[in-house]
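Look for chain A in each of the two complexes below; its partner is chain B in the first and chain C in the second.
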Partner chain A sequence: MVDFFIGLFLASLITALFTTRLYRLLVWYSFNSLTLGVLALLIGIKIDDNAMLITGIATIVIKAIAIPYFLKSFSQKFHFIRQIQPNIKIQYAIILIPAILVFTFYLAKPITHMIANNSNYVAISISSLFLSLLLMMEHKNVAPKITGFLSMENSLFLLGITATNGMPMLVELGIFFDLLMAIVVINLLFRREEMKNA
Partner chain B sequence: MIFYITTIILLLLLAPILLSFIKSLKMLLLFKRPAPLLQGYKNFAKLMQKETIVSQETSSITTYAPFLVLSPLLVTMFFLPPIVHGAFYVSFVDAFTITGLISLSTFFLMLLGLDSASAFGGIGSSREAFISALVEPAMVLTVFSVSMMAGDLGIGQAGVNLAEHFPKEHMASFLFAGISFFILLVAENGRIPVDNPETHLELTMVHEAMILDLSGVYLAIIETAASVKFVIFASLFVSLFIPVGLEYSAPIAILIFIAKLFGVAIAVAILEVNTAKLRLFKVPNLLGISIVFAFLSLITFYVLGA
Partner chain C sequence: MLELLLFPAFIIFGLSFIKSDKAKRLLAFVSFLILIPTVKLISLPKPFHLFKDYLVVDDLNAYILFVSSIVGIGVTLALMTLDKHVKVSKNAYRRFYRFFAIFWIGLIFSILSNNMGIYWIGLELATLSTVYMIKTNHSTAAYKEAWNYMIVGAIAISLILFGIILIYASAKPILGEDAMNFNLLLAHAKEIKSSFLFELGFATVSVGMFVKMGFFPMNLWLANIERASFYPVAALFSGILESAIIIGFFRFSKIAMEINYDHLFTFVFIYTILTIFIVSFLIYRAKDFMRLFSLSGIEHMALIALFWVSGGTFAALLHFGAHAFLKPALFLSTGVLESNGKYKIAGALKGYKGKKGTIFWFLVSLFLLAIISLPPSPMFFSEIYGFGAMIKVAKSGDNLLSMMAAILILLILLSVIFYKFVEVYQSMKYEGKVYEKKVYVTELFSLIIFGISLIILITSPVMNYLRGIS
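Presenting the complex of A and B:
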């Protein structure tokens, strides 16, 4: 079951890479975070870690519902361009994405023996890190770049919950506060963008 | 053996109903009065009674191509995975055979479009060639990857293996293959993001453009071929990617299978209502996503074993 959700995680990230509409991108980001939250819940139940259950619920509430909602309302408030064309042509992205995946799968191979269980997940989370970097690279506008940043945070979180047997909860709460700060900064960025548009 | 024959007859009977079901569900979702479920049969009966007119410009291809469109698909129906435990099935047919048979049928459809030398037929054939050239590699990769996971290259055997012991450890690559195959199902059957089956507007049509000159019995055969193609894809999808229900006794297993087919039809109908048709030159992007997922499923299976 964990494999299934990890597949959904990677699949929603890849689909987000091909999206050309802002709201659809936010939907994919929200779906991505939802699978991450469910993964945290599943792994938390498996290793019997209450802190991870709380982080799972917090992930679903904050990242899957609150952040996409706020981003959408910001972009409505500041009248953003909702058509986001990737700079990298889709023909090249089709070659590039499997190349990145193959590269990172082999890249993660030497370190996988250090992690006792779930060694595959390390490879997938590192590759999703690279894919979200690609998502940041391939767009010019601010909003998709921010989504790329947020999904990069998601893949780091995935690395955290799968590679370790439960991170300290303090660290994860710290990450959440960081994210909230990031959203405040994003708000400022959006205002600047609006001034540029006007 | 009796279940083998029953399955094929059942699929043939279900084929027009499934397409009419999609149509009526779409009409229901758009707040129209839905068409009856047996509309496919009514159309078939009506077309069989009508006079068949063949254009003077055509060669002999038009007279035999409709049968050659239908017959590879009928042959494919004999190679599908079983739906009842202990039923007879053909085990040696692999991804290349199924894809080859389906593209043989597409080849004759394209010839049929070109044969009457009308402008529309040419447009339709070139577009169909464009789409099916992109569908085939993804389809071979996807079915190949699933049969690798099942541990047997034959599709029938793969379906049985998947139902008996489902590869839980390969769930991630299984999911990627499922996404890829669903996109192929939509693309190859000419449903909405790729082709709109209801319109006769020259800018958008692919499948309808090729068969615009046909009438009577030939049109009935081609429409049957379209519905049979859909039922082949849907049944491959449900027996490879939703392999549940094979362990029950025969009547319940058949009922579960039919329910799964209708589930696929509902998914396609909801997708059709919710998406706009893509521009023709954006279709490669969609099929590119499908190729990416198919390739991803293979490499996840080989490199990670997940």
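Presenting the complex of A and C:
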């Protein structure tokens, strides 16, 4: 079951890389976060860790529901361009993405021997990190760049739950708090009309 | 004690919502309250557990917090006359203070943290709050750079978290959830079985920190941001935010020293020399004060990192303190120096009348000459001790000749920077036309605070305190 959701996590991120519409990108981000939350719940149940269960629920509520909702409302409020064409052409991206996946599995090989649990998941986390960076790089518009940043945060979270069986609760809650703070700052940055009125 | 530390930040946050002009003055003076708990922390017996094992005060972080609080006071004083030099709306001004309060809270957690996770949370909070400070300048360039900072800063901070997770994964088998604890990690560093995993984590953390400090290959992003934002933001970046980053580097590298010193030294040595090599030529080509000071900041942070990994703890900390006082002082002076245009270096030190004007140009001249390590600047002493530490390391590893060659290259690069600063100083003092410029009491007072702090830094009690930090 965990393997299935890890696969979904990666697949949703890859699909997001090919998306040319903003709302669809937000849907894929939401789905990506949902799989991450479910993964945290599954691993939490498996290792009987209450902290990870709380983290899983928080992930689903904050990342899969609240953040995509806020981003969509920002896009309506500040009139974002919804047609988001990636700079990298699809035919090149089709070659580049598997290359990144193979490269990261090769890169993570020495590490995976050192991690007892879920060793292949670490490689997937690192490849997700690279794919999120690619998402940030391949778009000129700010909104997909933000989604890339949030996906990067998801990849780090996946690394946290797979490589270490979850970080301490206090740290994970702090990371959630910072994420919410980032959304507040992003909202303030979008208020360009404030500049004109100043 | 934690309440006392956070109290001024909460007051500033609350006052920033009051629309009265009196609140503006009050905001600057509230920042003085920061000094009370930081002075108290220095005098307390160490280690002092501020909040369980999460926030622990030792000599190193007490010193860095004290230096940062002086910089914070200087910046808030200079902020009082920001609207006299640049166009800033009242709303933006209040918001600047609001985010300064959040920045300060993040910074306290980051500097005093004994936990990798809390360190990261504090740093992220401080980073995010500075994003809005950049945007207080309502220009298109500042808006663009605020986004740049948001994105590049996010990548850098994500790299740091990525490294922290790897370090945590490497130490969790022996320490459990306590693997986040800096002191415990240091004490059990030699027991970590997967040293490769730790080193990979450390390298990633370091690259994230180096990107945030503008090291190779991201040399210009910070300079562009500081150019686009108001000058107090640049002062906060160089004097406080970089302190929070460098203390993290100190903590992580201390643990890495226990794992494999040679790997650590080679990695940092190559990275910093490469950074100084590129930065020295960028400084040579700099055409305005902001970029000049910003790039010089990168050079000094690289030197601090190099001295630290060479075992020159005293040199690194002295250099850090001197840089933390000098650079914000220079950034704050740009508000006056650039009165007649951003790119007019010629004659920038002319046109000051009265006692205030004379003290101002005299102080700026001193700061400019001190930043290029002219004696008796604390930087002169720190560089002597730092290069001494590098030679000592080389002697113990039979690499004396190659180290001498590296120091020679470093000195050549530093002389390029020295030449540029002297040229800039001469142009400021002896070239260009005379335009009358106004200096305000509060900004002069902040420069005097920095000047006095620099003098105190080279007194024997402070030197002894720094020597005591091993």
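Assume the second predicted complex is superposed on the first by the 191 of 198 C-alpha atoms of A that agree within 3 Å, B and C clash if a C-alpha of one lies under 4 Å from a C-alpha of the other, contacts with A are read in each partner's own complex, and residues count from 1 in each chain.
We take it that a residue touches a chain if its C-beta (ideal position, glycine included) is under 8 Å from a C-beta of that chain, and two chains touch if they have at least 3 such contacts.
Given the structure is predicted, the values throughout are model-derived calculations rather than measurements.
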> Given the superposition on chain A, are chain B and chain C in a clash or a fit?
Replying inline: fit
> Which partner does A:Ala182 contact after superposing on A: first (chain B), second (chain C), both, neither?
Replying inline: second
>> On the A-aligned overlay, A:Ile97 touches which partner chain: chain B = first, chain C = second, or both, or neither?
In response: first
> More chain A residues touched by chain B or by chain C?
Replying inline: C
> Taking the superposition as given, does A:Phe105 touch the first partner, chain B, the second, chain C, both, or neither?
Replying inline: first
> Which partner does A:Ala58 contact after superposing on A: first (chain B), second (chain C), both, neither?
Replying inline: neither
> Which holds for A:Asn120: it touches chain B only (first), chain C only (second), both, or neither?
Replying inline: first
> In the superposed arrangement, does A:Leu129 touch chain B (first), chain C (second), both or neither?
Replying inline: second
> Thinking of the overlay built on chain A, is A:Ala11 touched by chain B (first), by chain C (second), by both, or by neither?
Replying inline: first
>> Just to be sure I read the superposition right, which of the two partners does A:Gly174 touch: chain B = first, chain C = second, or both, or neither?
In response: second
> Measuring by CA atoms in the overlay, how small does the chain B-chain C distance get, in Å?
Replying inline: 19
> Touching chain B in the complex: which residues of chain A?
Replying inline: 1, 3-4, 6-8, 10-11, 14-15, 18, 90-91, 93-94, 97-98, 101-102, 105-106, 109, 120, 123-124
>> With touch defined as at the start, can you tell me which chain A residues reach chain C in the complex?
In response: 110-111, 114-116, 129, 133, 136, 142, 145, 149, 152-153, 156, 159-160, 163-165, 167-168, 170-171, 174-175, 177-178, 181-182, 185-186, 188-189, 192, 194-195, 198
>> So in the complex, the part of chain B that touches chain A is made up of which residues?
In response: 168-176, 179, 284-285, 288-289, 291-293, 295-296, 299-300, 303-306
>> Could you list, by residue number, the parts of chain C that touch chain A in their complex?
In response: 54, 89, 91-92, 102, 115, 117-118, 120-121, 124-125, 128-129, 131-132, 135, 138, 143, 146-147, 150-151, 154-155, 158, 161-162, 165-166, 168-170, 172-173, 177, 180, 193-194, 196-197, 200
